[in-house]
Amino acid sequence: MDIHELLLKVKNNEIDLSEAEKTLKKLPYEDLGFAKLDHHRMLRSGFGEVVYCSGKSTEHLVKIFQSFNEKNINIMGTRASKEQYEAINALMPEAEYDEMSRIVKIMRNVPEQTGLIAVCTGGTSDIAVAEEAAQTAEFFGSRVMRVYDVGVAGIHRLLSKIEDINKANCIVAVAGMEGALPGVIAGMSHKPVIAVPTSIGYGANFNGLSSLLTMLNSCAEGIAVVNIDNGFGAGYMSTQINRLAVQ
Amino acid sequence: MDIHELLLKVKNNEIDLSEAEKTLKKLPYEDLGFAKLDHHRMLRSGFGEVVYCSGKSTEHLVKIFQSFNEKNINIMGTRASKEQYEAINALMPEAEYDEMSRIVKIMRNVPEQTGLIAVCTGGTSDIAVAEEAAQTAEFFGSRVMRVYDVGVAGIHRLLSKIEDINKANCIVAVAGMEGALPGVIAGMSHKPVIAVPTSIGYGANFNGLSSLLTMLNSCAEGIAVVNIDNGFGAGYMSTQINRLAVQ
Amino acid sequence: MDIHELLLKVKNNEIDLSEAEKTLKKLPYEDLGFAKLDHHRMLRSGFGEVVYCSGKSTEHLVKIFQSFNEKNINIMGTRASKEQYEAINALMPEAEYDEMSRIVKIMRNVPEQTGLIAVCTGGTSDIAVAEEAAQTAEFFGSRVMRVYDVGVAGIHRLLSKIEDINKANCIVAVAGMEGALPGVIAGMSHKPVIAVPTSIGYGANFNGLSSLLTMLNSCAEGIAVVNIDNGFGAGYMSTQINRLAVQ
Amino acid sequence: MDIHELLLKVKNNEIDLSEAEKTLKKLPYEDLGFAKLDHHRMLRSGFGEVVYCSGKSTEHLVKIFQSFNEKNINIMGTRASKEQYEAINALMPEAEYDEMSRIVKIMRNVPEQTGLIAVCTGGTSDIAVAEEAAQTAEFFGSRVMRVYDVGVAGIHRLLSKIEDINKANCIVAVAGMEGALPGVIAGMSHKPVIAVPTSIGYGANFNGLSSLLTMLNSCAEGIAVVNIDNGFGAGYMSTQINRLAVQ
Amino acid sequence: MDIHELLLKVKNNEIDLSEAEKTLKKLPYEDLGFAKLDHHRMLRSGFGEVVYCSGKSTEHLVKIFQSFNEKNINIMGTRASKEQYEAINALMPEAEYDEMSRIVKIMRNVPEQTGLIAVCTGGTSDIAVAEEAAQTAEFFGSRVMRVYDVGVAGIHRLLSKIEDINKANCIVAVAGMEGALPGVIAGMSHKPVIAVPTSIGYGANFNGLSSLLTMLNSCAEGIAVVNIDNGFGAGYMSTQINRLAVQ
Amino acid sequence: MDIHELLLKVKNNEIDLSEAEKTLKKLPYEDLGFAKLDHHRMLRSGFGEVVYCSGKSTEHLVKIFQSFNEKNINIMGTRASKEQYEAINALMPEAEYDEMSRIVKIMRNVPEQTGLIAVCTGGTSDIAVAEEAAQTAEFFGSRVMRVYDVGVAGIHRLLSKIEDINKANCIVAVAGMEGALPGVIAGMSHKPVIAVPTSIGYGANFNGLSSLLTMLNSCAEGIAVVNIDNGFGAGYMSTQINRLAVQ
Amino acid sequence: MDIHELLLKVKNNEIDLSEAEKTLKKLPYEDLGFAKLDHHRMLRSGFGEVVYCSGKSTEHLVKIFQSFNEKNINIMGTRASKEQYEAINALMPEAEYDEMSRIVKIMRNVPEQTGLIAVCTGGTSDIAVAEEAAQTAEFFGSRVMRVYDVGVAGIHRLLSKIEDINKANCIVAVAGMEGALPGVIAGMSHKPVIAVPTSIGYGANFNGLSSLLTMLNSCAEGIAVVNIDNGFGAGYMSTQINRLAVQ
Amino acid sequence: MDIHELLLKVKNNEIDLSEAEKTLKKLPYEDLGFAKLDHHRMLRSGFGEVVYCSGKSTEHLVKIFQSFNEKNINIMGTRASKEQYEAINALMPEAEYDEMSRIVKIMRNVPEQTGLIAVCTGGTSDIAVAEEAAQTAEFFGSRVMRVYDVGVAGIHRLLSKIEDINKANCIVAVAGMEGALPGVIAGMSHKPVIAVPTSIGYGANFNGLSSLLTMLNSCAEGIAVVNIDNGFGAGYMSTQINRLAVQ
């Protein structure tokens, strides 16, 4: 029984008033019309579902994929191992796997790509995380420009690309080691920069802590940071921003 | 001598070719036309200048304010002490001071406020940082909705406001202590959330470290984090996003 | 010789006074009647023994199980590997193993379950720790209600369950990542909340440190925290509280 | 307009059905009868209100006290400075101040004290935090037994008190330096122990971190931990537990 | 040429004075009579040599053992893997291995054991480290009393042993988890306590950090701490102290 | 009623047996003759009492001093502020104060000094902590040799003193900054070294953490560490060791 | 089209002035003659290229080696696994591998070695990192003196070598555990010391953090630090310094 | 009696051989000709002495200055407070004070400045530390070029100066906040870079930890790091390197 029915019954005297009041208070929240709690679903509407594969049992993961697959919607699994992919692929041969980004995908319909997001990396080792960001953005319908290996230790590479980068609505800057890239880009751009520290490095890098702190302390304006190695988070947020720009 | 003049001289044979080449390489970069390096200035165009007051000597700070003031542009000083304000006010009586946010301002012309940014806080102690964010956004021409004291320890307060919050183009969520607010908001919104940890707390809060980590580890999608107490950074980035939406 | 005998001898002049005094001082403490030191044993009376399996050699572990088994009492082993279970099962076929919680049990008699404890988790990955808590509570005779996957990133799921949760005498709230669940529950309940941070997460989670700090810094009232992944500790303490309520 | 009125109007055809539905969805949550969100208020019913004074401006704090005072309910302010007390006392001469615990109170009616909570400290320097816990518990109607300065460096003092301590329904154990007290007590008791680390110490104590870690890592069963110096939190939670036992 | 010879040559005019001076300055330090730099060798005299095996290649380790073995002196290898032992044993069948402490030994002559050192542990998991301490002390001629599994979570076990423990000249107290044992022992003894934190634990134990901090912050007098898991260091230092007492 | 009396009554049938048994179990522990718990008091016997002044209220501190003073025993207060000294001195003019070590003393009888302890520092800034160690050792009857400012950055200073240092029964090595002194001394001595990290330093010293870690990780044998700045602890423990050597 | 050509066209009126200006601004930076950005390449001129192998796929790594190899230049790969070496060696049999330092090299022409760099280690376990430093320096044409196993726990070994060490233009000091070596050397030398902390150690070493902090806090003058285990960085910088001395 | 005299006596039979041998071994090290231990003094020869003022009592500091002053040598005091300067200046009016760098100096003769060191800062707040470096280098006879406020958030400022910076023999790069400057400079230079993190920043800067980690993790080659705020250390080491280049 939803609210409409309930009110109808009240109107028609088919239900006692105190009974109606009590029922109303016991309904699950979403039944009360809290569609507003689900607004963010709209972002995904027509795009598909995302599954975080790491730590899930293969059996469980395959079942999730099958369930979505039967509904004919796009599915993207992040941080999938090759073993997980192979189990999925055995049953759903249309599944594709990208070893670099560890993304497994079943694309029923490829969304149109609009706007522009620039995804940049400091080094080649950061590309795995960057691809998670880029492919997430593309999955949700953003156009992505990749600008890889433009780290600050050889700043001229970055300088020669900055004009292109600035054409994007939002910039995702991915870097490990000292993590200086996002700050340098933000200093040369007026577009919002989503900074992604990676765990690439050794010694006093402390598994990405060094890059994380660098990015949080950047003197440049227009930069915000996501968790270490969180390419998905950066891809998602940059899509939110990109969509604001193109709508 | 700028590039145009130089090329003219080359054209007119008034300068030796190798000499021109050498001169060209020695010009400061900006003279080479690297306006692209200054794109972010455009954000501020027509809005004014921002000065980080903390740690600056009063004498030095007053001089900066006077220099901008003579050019008749808006000036906003962040993290200003009352003493700094008084020194500025003695010479520039039009300067205003907000003790809560520690912002000192001289507004020559109030910019039109467009779009919408929601600035939320978990508790009343976070309002100082939130005001730095809100007033920064307003300084650069964003319209701001303040939603204060809606922390997750009394979630019903937040729930009753969430529909309004979701009308904004970008949400700034400010919280100290456990710092859970931005994650909970992001879970109920499809707009990008800029999370600002504050140093409010004691004990195992470790001066904001706890809130910072909470925000970085949020399971919700669409959230990125700035430095502890960095209201200015959040206000600036949310304006960049807001502008993308309204332009 | 216990105290009673000793005093009897004194009374009957069968022992020299100074000799009695000396003997008295040398008796092991427990012989002096320090049953009070063992009060907490009473909690377990009629329920059985718990063994922490991790790090114990298989040989040693099997011997412990056999020793208790021969006394016909219930035994619960926590953090048992499959190998450990198999070695136990080979000799004691009545042993059962739950892969999720890594608990191996031999239940001679199932205790009556009284009162009510709610065990909640933020995500599905936290269920392993939650089950350790839930099954510990059940082992010691508590009735347990499981409320899993109600994390704050989708707060409506939690809201629709909160009335049920509040019926429990004590709430165990298990969460990894940002660890905000216990604080949000405590804000909506007047029952004591035992918070369990888990090591689920990556990057700036630092193996559960982030969740731990979040829980310690919660603004909500009525929350206390156990060690990261310490499901057993939470199950035990919630049983102590539950028993106070039902006795 | 509350729900009852609204339903009445529906029943009496005084309101359009779709209008009623819309109104219903827009009502603040609490108006929807979410008294369940406020269950924890019940704990305080008849006891009064608590205010965290630290960081609040004197002006603001005095206003809060006056507002509660006019309603004739008990008020307790924690972490109040002497200056804050004096400002309150100037207007409300019935306000009392305890310098040790930094609590300022206006007690309109002293609640009956039921059950029993034991509040123990390792050293004399921990008494400030312990008193915050004890007086909080008393404010909410718990009977409190104080057992101070029984730290583990002189274990015989604790041993001679343990039988008394075990008579309580819940034990609050407060300790700085190495913080071993709660674990030792839990090893000798079957009652739940709320452990409170304090920031008392120097050097490798790191402002209470050492005590905090000790308590979280205790091998003893039946112990959970609150934030460093959080006497109020321990007092509140022990009252929740005590009330379960006496009701 | 040693100093004596040199001076003799000077005396006998067999060497030029400036030449003698130059030679003198170039002699390796030890040749200058810095036997004092080697005083600590005396501790080992007649006892043998100790080798830290961890991280050494098998080939290299075997060679070291052979070299000492040929000189007919006792050898003790700490932190030896089973593989390392087997390689040694293949060539030197008299080598013995203790899996618990990971010590491999070749004892040519068993030293007389004098004085008394008590080696205590909190739990059974700490015995590996305790045995490294105990066997090191024995290797260098100390008599050792083992008092294992007397952790503070069941304090009566410790209390019943404390009189025996106090008979030792020096106490080695080994504990993981919360690490409270050494402080409690020091509070009941007037003998110096060498505290050894172990890495036994999980979660907020942070690989022994918790135990280490507990021990450093102990309120008890007469306690000093060695590195996490450093049984050898504790065994060595306690022997130094024991020898001062018996000489 | 002590044990002797009680047993006498039993013997004389003046008390019921079950009554005697019950009384026995209720006696405070110390009354049961647990003098063994107080063995460490023996160290102090004839020497006096030590008071940790920091954080104590002046009023409270003066009272403690007066109470001991009336019993005509030596008193040493550590970490006393000048204000605390002055308050003590006003009533007990025989009190002496050493600003460097912040020790306030009332010496009724100067104990004979036996054995030898060497107290060494790396720099001159470490002398405050070193003096706390040295004067503590002297207070308890140890002879002390001071060897200050022999840090490893100018190793020749240390080398020229090492022969003297090695004459001591125990060495206290105090160092801030990088904290390398104790390890270097231990490498040149066969006497036990008590290492005391100090909080002297800046930047990556992190208030003594750097020195602390250095000392815990020393490769040299025969070294154990006390808390940062804990001169008293080192002085006490070195006295325990020194006494073993001279008795 | 480079600058020279462009200017020539301007001179010859073959290009429109505004067109020339526009072209100029769009040229990649390096085309603008920013050879100065590449000065550091000069260091390598005539020496060859260095590749960081760790984390690179074998396939990718082999391709890099082949590409350089075809140009007949020297190649050095650092942190290469044996598997990586074998894959390279299969195609380029002239490749050599050093298991200790994990360096794989193809040397077309051995550079003349000039100047002098001393590479010292505290222990034998630090040699792997030291060899990375030494062989890097040699690769770039520096003469290297190796002084291994001269740690401060046996200072006489270092003292007997210090005169030789001081003959170098630059000293690389490599140490794990407590990491005191570089500071002690700097105290006895007037040559710049590059300090390399290693991750050798256990417990409170925290993977090299302890050594790192020690070196940063050294009281000695003339010492600077590179990342934990960064032998390459030390070898490179010491070569820069050595070259300044010999040029 | 020095070595020469001693040997002369031996030669002349004025001293017994065994007596000579014994005397020889007891001489302070430096008397044995360990001038080599003092080589680093040579750096200072003709330049003067440096005193670290922070933490020294005014009385003590003045005495040190007077003692050097009477010998007519240059003196430089680092980290001097204004009060310390004033006390020095009262007795030695020739003393000069620089508030920015907190250096107090008495220059008897200004040394010739040779070679070139570039001292760069990221922001204006880093200038205090940079000046300590620059003035230290000048004190020891290096020529210094100051390049301030060229942080990476506005990279064009740095780019326009890089050619000049590269003319130096050694570069000191000083930066707080994210600390990216040294890495960016090293990427554009082939000269050794001494990186100095400063404690300028807030929040997740953790008093310079962020900058320190950034610099240690730099991907650029030719960079080594000193302690946070250690301008003196950088000035000294850069002088050592500069001198190697100019000698």
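Letters A, B, C, D, E, F, G and H mark the chains as written, and numbering starts fresh at 1 in each.
Going forward, contacts are C-beta pairs under 8 Å (C-beta built on N, C-alpha and C of every residue); 3 or more make two chains touch, one makes a residue touch a chain.
Note that the structure is predicted; figures quoted are calculated from it, not measured.
Simply put, of A-H and E-G, more C-beta pairs touch at A-H. The pair from A-D, A-G or C-D that reproduces the interface of A-C, where over half of the contact pairs by residue number are the same, turns out to be A-G.
Chain E and chain F have centres, each the mean of its CA atoms, that are 25 Å apart.
Inter-chain centre distance (chain F to chain H, centres taken as mean C-alpha positions): 38 Å.
For this pair, chain D with chain G, the centres built from the Cα atoms lie 59 Å apart. Annotation for chain B: residues touching 2 or more other chains are 34, 37, 154-155, 159, 163, 186-188, 203-205, 209, 212, 216-217, 221, 227-228. Interface of chain D with chain A (complex): residues 3-4, 7-8, 10-11, 13, 17, 20-21, 24-25, 32-34. Residues 122-123, 151-155, 159, 177-180, 183-184, 186-188, 201, 203-206, 209-211, 213-221 of chain G are the ones touching chain F in the complex. Looking at the complex, you find that chain D touches chain F at residues 125, 154-156, 159-160, 163, 200, 202-205. The touching residues of chain F, counted against chain E in their complex, run 36-37, 39-43, 162-163, 166, 169-170, 186-192, 194-195, 212, 216-217, 221-228, 233-234, 236-237, 240-241, 244-245, 247.
Residues 26, 28-30, 34, 37, 54-55, 197, 199, 207-209, 212, 227-230 of chain E are the ones touching chain G in the complex.
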